[in-house]
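Okay, got some structures for you below.
Each of the two complexes below includes chain A, the first together with chain B, the second together with chain C.
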Partner chain A sequence: MSDKPKGKLALYWAASCGGCDIAVLAIDEKILNVAEAFDIVFWPCAADGKVRDVEKMDDGSIDVCLFNGGIRTSEQEYMAQLLRRKSKVLVAFGSCASEGCIPGLANMNTRKEVFDTVYKEGSATVPENPQDVRPQPATKMPEGILHLPVFYDTLRTLDQTVEVDYYLPGCPPEAENIWKAITAIRGKGVRNLLCEAPEGPSRQKVPDTFSAVIGLNTTVCEECPRKRGEKKIKKFYRTWEIIPDEETCLLEQGLLCCGIATRAGCGALCPAVNSPCIGCYGANDGVADFGARMMSALASVIDSDDPDEIRRIIEEGIPDPVGSFYRFSLAASQLRRKKKMQIA
Partner chain B sequence: MSNENFDPKIVGFFCNWCSYRAADLAGSARIKYPLNVRIIRVMCSGRVDPTFVLKALADGADGVMIAGCHPGECHYINQNYKAMRRYEMLKHTLTAMGVEPERVRLVWASAAEGRQLAEAIDKLVSDVRRLGPLHWPRNWDENGERQKALDDIVKEHEEAMEVPA
Partner chain C sequence: MADKIGIYVCHCGSNIAGTIDVEEVARWAGKNIGDVVVSKDYKFLCSSLGQQMIEDDIRSEGLTGVVVGACSPHLHEKTFRNACKRAGLNPFLCQMTNLREHVSWVNSDKAAGTKKAKALIFAAAERVKRQKPLEPMEVEVNPATLVVGGGIAGLQATLELADAGYLVYLVEREPSIGGHMAQFDKTFPTLDCSACILTPKMSEVGQHENVTMFTYSELEEVSGSVGNFKVKIRKKARYVDYDKCTGCGICTEKCPRKVIDDVFEAGMGYRKAIYSPFPQAVPRIPVIDAENCTWFTRGKCRVCSKVCPTDAVDYDQKDEIVELNVGNIIMATGWKLFDCKRIPQYGFGRLANVYTNMEFERLCNAAGPTSGKIVMRDGKTEPKSVAIVHCVGSRDVNSNPYCSGVCCMAALKFGHLVLEKTKAEVYSFYIDMRTPMKDYEEFYQRLLEEGMHFVRGKVAEVTDAARKPDEKGKLIVQVEDTLLGKQRRIPVDMVILMGGLEPQADAKELGLKCGISCSMAGWYTERHPKLDPVATMTDGVFVAGVCQGPKDIPAAVAQGAAAAARVAGMIAKGTVTIEPIVASIDEEGCSGCRICNNLCPFNAIEYDEEKKVSRVITALCKGCGTCVAACPAGVITGAHFNNEQIFAEIDGILWDAKPQAEVEIASV
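Up next is the complex of A and B:
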């Protein structure tokens, strides 16, 4: 491999917590191998670099861009478009870029509501704001106009913004899987990884038969060693309400375990420590809407045929259906967000 | 709000063995019902995945009707009970998403109940008409702000590029 010419790698973050960038470093000393195989041309979190430098690069000159974070502001959208243009392969890295993740849960609110919470009701970052100052996209100053990115009402996923070639699931992706993805890209060459067809042009859309997700095509349940029997539930519990048995499937014990809808790859880490899967690896292949899959799976285990009882079991046991079913995938779901009250 | 001129788009998922036939019967008996329902025939109400309903709403439907055999009469033993549980689950979630639960309705109609089905359709259409259009995709178009915001960034960067580094 070392006789190959070095590739060019870029890493970028948008609306995310920063954990994905840290996860890249969690591959430990192998980061040196990455540096051996790739020139890192842009990585704001770890290396000095300017957007202007990227703008000056030729289109398609970056071999691989690992992009983490959802698209929440105009600046992030601009960067997504710019890096798409400059990169042969664009990877939606981690849950935020792939499906919105926790930042995407803000799609239950509008920009105004988010700003009210931060700037009016008081928050850790803005404890006091008596004049109710809000971020303005343009502010006139004697020296000229100052700009801030426009904050959108709705967070989008990377592939709702630009075309994406690959997805690396996880919140954050496990170091092991990051390393596998990077070695796959390095070993097979960018073009072969992008499209198993021999002469696929580098930006050709990945054929439907070829999974664009760098990961397994099975669910967390497959990786979970717990014993499964018949599931019949009269009551759902929240995690703090019971101490579950260590060997039986958590769903059978009434906990909202998302293992059935979630892509495997983590090694069923949460069920292993007696905690239900919350779905951070996103929807497995064939799951068009993560929450819908959860709704239909849970509907099958409720042990009642009486509408009133069913309603009671659901309402008492699942007080926050969106947070429970779409914790990581609201922005990528069919509806994407809560209905806005005022639509211009 | 006056919604009299609004013609709701309703997607109907009707079970092959009962409600689809009921709709047929209503047709041949010349029972009038509003033309707003686009009927999709499914083999059983238990086939209706919540994904279908969400997709219909996300793609522009104003309401959805799921219709199946009466409890105890499903041709696949008890799949309509499953449909009922899914429906309750879905309604709970839709309410949290700000969708009025009246827009999505589960009804039972045997193959002989053409009139009852026509009445249920009538009722759904008039309820949805009162609620007004859903036009879901407009929820995420940022009121047209996006393009201008992006153009501004491009302009600003182009100006900055002209300054020698």
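Up next is the complex of A and C:
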């Protein structure tokens, strides 16, 4: 690795919790190898740096940008466009950038509803707001006009905003996967890596043989050691309702385990500790809509022919279908968001 | 290689061209859809000239895909696929889109119809570009056939096949074959004795070397598909050893327990707890009715066992499951009588001398409980007047909207028998007299001449509440005589209700087992109501007789023979072509979650315990797509229906839709 010239690496965060940045550090001492291989030219979470410095860089001068977080504000949109322009390889790093993740669940509401919750109804961040002050994109002050980024109605994923070359799934990606991705990108060890593809990867439209996701193309069950049988489910349980048997498939015990639909790579960490998979690694290749796949699969194994009983099984066992099946992927799903009311 | 798509829009005379501007659609498609090199409209594409045109274009233009906008693929998909094949293009690179049933026949607005036709053509073109050449597969046809139901339709089918030299397994639910026809006295309009013409066929089936009968048995499970079905038959415990019993009947004679026979005698007579339903039963092996047998209910008796000369009675017998391999299945499961108690105003079950048609069949049957004497419930008094009420549970929105088809003729037959055997006056209360088949109308004329009285009107009520002295002790039929235009009350001694034909109670369930569906009324759905009346949408499953819809004996027999002919044709050919539209599992991607394992209606998915992956058995797969939709990992692909093709089709349909612009408002 050291015989190659040093590459330039940027890391950025948008609408995310910060966990992805911490996850980069979770590769432990290997971060030193990263520093050895790359000049880290921009990483606001860890090192001082200014947007204007990035603006001054030549287009395409950054080799790899690991971008985490979804796009919720005009500032994040600008940064996504800027870093896209400056980077050879743009990686949607983690679930938020890839598929919206938890911030994307706000797509079940409008901006007004989000603001009402935060600024009106009294929250931890704004306990009192008698004048109902809302963030304004432009505020006139005696000294001049103050600007805040525009808060968009809908959270978008990174690839709904700019073209993305690779995706690294996970909330956050496991350290092992991050290290593999970095070494692959640096060493061009992954087949079809951007630099080797003659005209660059076909963005948006992914051909059959090309996977833009750096990860395995099978699901968590592959890595899960539990015993699996044919599935027939009479009742769904929420995690606090039962203590599951430690050897049998959690889904067969009625827990909403998303492992059947979730891309492998994490090592089935959650099922290993008796907790159902919640789907943070997202959908497998070729799956257009994670939640629809989960619902279709579960609907197929509910063990009843009686419509009333089926309705009862679903209503009692799955009180929050969006939260259960679209927890990570709502913004990237085919529905993307709750339908907006038409303003007459 | 770039796609070269040919688009063909059919006028279908004025069927399509009347509501769609087909010339405009063809012109537009040629200009606006990518990769289209030929786009034509034609008067009748299905004509040989139309097909020739497509073939010529494929050869001269080197087309890589063909879109035909015409009628339903049910009708002509084969036609156009074959045309492509003749010209050297893989038939699965031909896509039909239905402009007739889906657009012109359901639409009267030409502008809207034309717009919709364009969208459908666009969708088909986008789809066909992504279709892959597929090769059909051949599988061998098992020459054995399963016939379900031993009524006249099933017997006919069985004999036709067995006589042709093929093995037949015949399953019958009751202890004897024969079905409803065995219960009848005479058959209309010829008045020949029902048993006399039926029983020779029954014994022929019973003795045929190519027939294996499973009486007192039911169809338990069907798996597999055309050519290679696996079926499970439940042989219900008879408690009599089939091989030891000689059918001497001494057990029945000595059995001390008498039970009302609700099935064969329609409640008009008795049978024993160990019984054979009627003297000519095939097989002659009796069964023990465990619910009523004294040994089974009270642990005493065992008379039958003691008297049996061959020691054939076996109280410990259990139900037995037999597994069979067959190539085809003929469903001939028949019908049940409408429950006349559902029309309480007609008094059946409440007024003693109100009879159902099936009760009356037994009453006037020489082998029946009264040896054919027509007497009232007291068992001795001959009626002086008899009313026959038509359409009980037929042609009535409150029960069944359909016409049962046979009751008018049966009513005429009853009228004749009453006139022949008694001095009674006979009244027929009909809505319309339906006598459309050969010699039926002549039979009606005969009854008019014989003096049967006909009253046109739907009976309102049958009551014993007398208003006038001459109504005392009588049943009064209240009816509006629509020819006279007035209400009438006609006092009679006996009323016969012509109950309609209904599907068997478990017809739907049984149909599901072999993958065939029922109409709204509950009759099995044939492949085409006119042109394919005995085949079903499931290859290798055929229907015959009343289970497909009400019909008389000649029609049931004809259908039985027709179904047998279809099956014989398949056996003679030896192989069937299976559509290559099947599912396949990417074993690399399959994590063995086993969601799909239980779902396949054709049992075509197996789980490999060693590799921990699921696999599709191609020969059994029918390409229904159930597993494709269910696979949470998205690693099951349905050939000809993969995501890329379906999304392209949807995008094509929405060719003129603009994505709703995200309107972001700067101020809040």
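The criterion applied here is as follows: the second predicted complex is superposed on the first by the 323 of 344 C-alpha atoms of A that agree within 3 Å, B and C clash if a C-alpha of one lies under 4 Å from a C-alpha of the other, contacts with A are read in each partner's own complex, and residues count from 1 in each chain.
Everything that follows uses one rule, which is that contacts are C-beta pairs under 8 Å (C-beta built on N, C-alpha and C of every residue); 3 or more make two chains touch, one makes a residue touch a chain.
All values reported here derive from a predicted model rather than from experimental measurement.
Chemist: Looking at the overlay, does A:T218 come into contact with chain B only (first), chain C only (second), both, or neither?
Modeler: second
Chemist: For A:K338, using the defined touch cut-off, is the partner it touches chain B, chain C, both, or neither? Pick first, second, both or neither.
Modeler: The first partner, chain B, only.
Chemist: Looking at the overlay, does A:G259 come into contact with chain B only (first), chain C only (second), both, or neither?
Modeler: A:G259: touches chain C, not chain B.
Chemist: Where does A:K231 make contact in the superposed view: on chain B (first), on chain C (second), on both, or on neither?
Modeler: second
Chemist: Of the partners chain B and chain C, which touch A:L105 in the superposed model: first, second, both, neither?
Modeler: Neither partner.
Chemist: Contact-wise, after the overlay, does A:S300 reach chain B, chain C, both or neither (first, second, both, neither)?
Modeler: both
Chemist: I'd like to know which partner A:Y78 touches here: chain B for first, chain C for second, both or neither.
Modeler: Touch status of A:Y78: first partner only.
Chemist: Who does A:Q136 touch here: chain B (first), chain C (second), both, or neither?
Modeler: A:Q136: touches chain C, not chain B.
Chemist: Look at A:D285 in the shared chain and tell me whether it touches chain B only, chain C only, both, or neither; answer first, second, both or neither.
Modeler: So A:D285 only meets chain C here.
Chemist: Do any residues of chain A touch both chain B and chain C, and if so, which are they?
Modeler: 137, 150, 152-154, 288, 293, 296, 299-300
Chemist: Please name which positions on chain A make contact with chain B in the complex.
Modeler: It is residues 51-52, 55, 74-75, 77-78, 81, 137-138, 147, 149-150, 152-154, 156, 288-289, 291-293, 295-296, 298-300, 302, 304-305, 307, 310-311, 314-315, 318, 320-322, 325, 333-341, 343-344 of chain A that touch chain B.
Chemist: Contact residues on chain B for chain A in the complex?
Modeler: For chain B paired with chain A, touching residues are 49-51, 54-55, 57-58, 71, 78, 81-82, 84-86, 88-90, 92-93, 96-99, 134-136, 138-140, 142-146, 149-150, 152-154, 156-157, 160-161, 165.
Chemist: Okay, in this complex, where on chain A does chain C touch?
Modeler: 111-112, 115, 134-137, 150-154, 217-222, 228-232, 251, 259-261, 264, 283-288, 293-294, 296-297, 299-301
Chemist: Report the residues of chain C in contact with chain A in the complex, numbered from low to high.
Modeler: These residues of chain C touch chain A: 588-599, 607, 626, 629-635, 643, 647, 662, 664-668.
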